[in-house]
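As written, the chain order gives the labels A, B, C and D, with residue 1 at the start of each chain.
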Amino acid sequence: MPDRKKKERLPVNLSVNLGGIALNNPVTVASGTFGYGHEYEEFVDLDRLGAVIVKGTTLEPRCGNPPPRIVETPGGMLNAIGLENPGVEVFINEHLPYLQQKGATIIVNIAGNTVEDYAALAGILDGEEGIAGLEVNISCPNVEKGGLQFGTDPEMVKEVVAGIKESTKLPVIVKLSPNVTDIVSIAKAAVTAGADALSLINTVLGMAIDVEGRRPVLANIFGGLSGPAIKPIAVRMVYQVAREVDVPILGMGGIMSHLDALEFILAGATAISIGTGNFVKPDIAQQVIRDLENYLEEHGIMNINELIGAAIQ
Amino acid sequence: MPDRKKKERLPVNLSVNLGGIALNNPVTVASGTFGYGHEYEEFVDLDRLGAVIVKGTTLEPRCGNPPPRIVETPGGMLNAIGLENPGVEVFINEHLPYLQQKGATIIVNIAGNTVEDYAALAGILDGEEGIAGLEVNISCPNVEKGGLQFGTDPEMVKEVVAGIKESTKLPVIVKLSPNVTDIVSIAKAAVTAGADALSLINTVLGMAIDVEGRRPVLANIFGGLSGPAIKPIAVRMVYQVAREVDVPILGMGGIMSHLDALEFILAGATAISIGTGNFVKPDIAQQVIRDLENYLEEHGIMNINELIGAAIQ
Amino acid sequence: MRKVEQALIIRHREIVPRYFELEFIAPDIARDALPGQFVHIRVTKSLDPLLRRPFGIYNVEKKIGSVTVFYKVVGRGTKILSDFHTAETLDVLGPLGRPFSIPPNLRRAVLVGGGVGIAPLVYLARVLCERKVEVMVLLGGSTSGFLVGRDILKRMGIDHMVSTDDGSEGLRGRVTELLEKIIDRKRFDYIYSCGPEPMMARVTEIAQEYGIDGELSLEEHMACGIGACLGCAKEVVRDGRRSFAKVCTDGPVFKIGEVVFRA
Amino acid sequence: MRKVEQALIIRHREIVPRYFELEFIAPDIARDALPGQFVHIRVTKSLDPLLRRPFGIYNVEKKIGSVTVFYKVVGRGTKILSDFHTAETLDVLGPLGRPFSIPPNLRRAVLVGGGVGIAPLVYLARVLCERKVEVMVLLGGSTSGFLVGRDILKRMGIDHMVSTDDGSEGLRGRVTELLEKIIDRKRFDYIYSCGPEPMMARVTEIAQEYGIDGELSLEEHMACGIGACLGCAKEVVRDGRRSFAKVCTDGPVFKIGEVVFRA
């Protein structure tokens, strides 16, 4: 159709490199909020996403915490899922093939109770095709054993990360807990031990009370706070860490729009994850990619890498 | 008027004791959000409040941080006021008399750069009439010197509190920072050093980026997050600390209604403070008192003390 | 196929105080919706309240592509929803969840509902009738005015009986007592139920006593509604083993006997 | 006295795209409001957006107890505000802030406004006229349609001149050029100004060059609006010393020369 002139647009470059993982664009979906991808197939083209980060995976199946597991809070929500998952074997056999077939860039989020668990998981996944990298959850506040400890003590962080690095050649992204006094020292410990990238933030420990019932709402008492409410905390931590470490950062916490994504990128994130936002708008990830692209075009920015950390003073 | 029968209501008892400070009711207004009281005189009867906690006061006047000092965030706001205040002398001469004359229960919030500053402030205020107690801000994240350090290190907390206790006979409430890995250890340190009560939480460290300007919104880069967004974090910390220490707790963080206040009380707070809520509804404190009273009546609870910590499991 | 639609509201009425009937145009959802499924509605563009709210599908008019829900105002989200006007649009995700199954040889079904729980049974009753199944709907409510769905059942000519807590209409007492009263005579093949958990627990006992199969529709707080967050877990027994099922995708409809009720 | 009023909206019109005139009944605020003061409006009952939004007072009808504001949709809060309908109520706090002062012997005043900054000058012009002060209002806008307040000034018979960036009406150029053009001839006693900071910086220069006193109305992000949070600090020079003033209670009106403008 020669009379339908397409507006001349210079192509903008959205691709980024997250510690050795090449992403088409910086928009990924956060672990635990996107299932294994197929849950969103009507809403998002999985191969269009920067990456799909799958639900936290453990060596053995876990049945998770008793209900109630979630509760809405102002501008956010608390969850205490308790790492329910079918275990790494079922993941590899039943969920991985689907994601591979869809052409998704796959990052597997792993969690364990011991240093050995993590190393074993990394070793098992190292052999699998189609996995672009690992995201290591050392910060899940909902598991009683391990979890919290790893993420809050620099020495433990080093041990876990070193163990994983020895067991895999895959790029390793270490996901940090925000529930610490000094996020920078934890970040540095992870990098010293060989982390190829850092992911922050995981959920903030919180709780809600059922006033009429006079008891905690969640069966687990405590849960992890996510959503827009935590965005200022997350942006702050990305900024603090980006100033001090050299590895790329995967930023997340309350992203609901491309402007939120840009806040993280300007604060120093190389890529971002959308979590709770997927629950509110199941097609949000693809929308954010489109909006980012438009934003860059309108502002004459040819390459998104120009913006990474541009707000750091 | 004999034909206008008043509905027979049993009087409910709202009075509580906050570490030696007798409060008519558990509803106080948070430091830094209520000025010196006179700002709200059209909206609230100051003598009806549990207490008025005045703006953070230092030995010398402070001019505070350059603007912009505040920015709205989802369900909350960031502030970096930088402890602007006219100093303790001006406070005593110009602001204290007004509060005394209004019959307010007065708690003075103090902040310093050194252990000696705090002790000196406590000593100066010890001599003044009409002051019911001190709230010690060891957690202001907006002051470069001191501030953050005190609130995050148990040993420093002990030193500061011990110094204050030696200088005053007034009840001392120590206000804790939420920006720590282990709030309970900080709380215990304060109690060991003689704290009569604990106040939690102060604001959570956060930041926002001006996307178009590609720089932090706040001139100070970082600010303190307050408002409903942080309520789940605050309730969690009150609950964790209430389980482990014996002194009463002044709970705050995002309270916008009597139901929010009850969440804190059920989680273990003896009294609560309303902060950011005052900006949204200048008459909120008095409304919360009325609503609490009605709630207790409707639920047949004769004494609010029955509810303190009732949700702790 | 599940879709997000910007649905135009064409009817929104307060039937009795705090009970609303809401009809909107959502052609894709209407086309695929089956009885027992639900829609997940975003009630505001604001970030507070943040999450969608789930509501069972009360009726569908395939010809005009409309979906109707029937809801009770119980909190902030439903209050905000009730303030929407005709001609405004609503962000609706659906149809979601496992529908009621209709056994191939089903002849006589009884539908037992309490309060707003009746909502999904109304659409089920209609579909069953269209499939020539003999249907009896038992409705329980607090008082005469609050018998959800009775008018629409009357209009569709579907058999129903009622109970009220205050005896203002029908049997004075619980809807499960009504079920016990008639179950012997009627020889139902299948029981469907939706309502408060104690009611469904009692329906389960009765069904098991009489050896009748059936299905229940459950509620649990939800975030995603599409099986991704694992937030809506409910304990179920399958093959004799206890596990957590997702109410949003494994349910909301479960087989009688699968669901673990706590006293 | 400052009050929180639940104000009934009696008029709400989009004058030109994104520019709205909003009139509401708030008798207590209307009674006490002085030119230069502002109202602080809560645009939602939701917790997001959380804070009130400040708007200068554009007009007051004391007889009916109404207050009018004139605003431009620039972000989320003003967008939500623009969706309110006549007959709905709005939570309004006011009147707030230090008003414009009117020097006792004032004879000839010039009011220099740009964009929506003109809003508070309209009410000031009206009050000055009522006090028999000779008033000249200089209005600057991007283009002919966007000259805020011109219609109301015409209606009230208040002298005014305009400039537009595109020359579609009046002088082509900045409103400060208009001021420079006429200031020599007119012998004004006092200058009032409100608008973008670069404009007010230039007004300051001109005023100082001609040795004329005057006042400016500033903006800063606000939380409380009543002097309690210290969030709205602006650098000022008083008695030769720099310090922070509160825009909400020390301002929004400041003396020309007090305000520190940054290039």
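In the analysis below, a contact is a pair of C-beta atoms (placed from the backbone, for glycine too) under 8 Å apart; a residue touches a chain by one contact, two chains touch by 3 or more.
Quick caveat, the model's predicted, so the values are computed rather than measured.
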Result of counting contacting C-beta pairs for A-D and A-C, higher pair: A-C
Separation of mean Cα positions, subunit D and subunit B [Å, integer]: 36
Subunit A and subunit D: spacing of chain centres that average the CA atoms, whole Å: 47
Sites on subunit B at which at least two other chains make contact: 74-76, 227-228
Subunit C, residues touching no fewer than two other chains: 47-49
Chain contact topology (line, ring, star, complete or other): complete
Touching residues (chain side subunit B, partner subunit D) in the complex: 32-35, 39-40, 42-43, 55, 63-72, 74-77, 79, 81, 84, 227-228, 256, 276, 278-283
Touch list for subunit C against partner subunit A, complex: 1-4, 42, 47-52, 93, 220-235, 243-244, 249
Contact footprint of subunit C on subunit B as seen in their complex: 74-75, 228
List of subunit C residues in touch with subunit D within their complex: 44, 46-49
Residues of subunit D defined as touching subunit A within the complex: 47-48
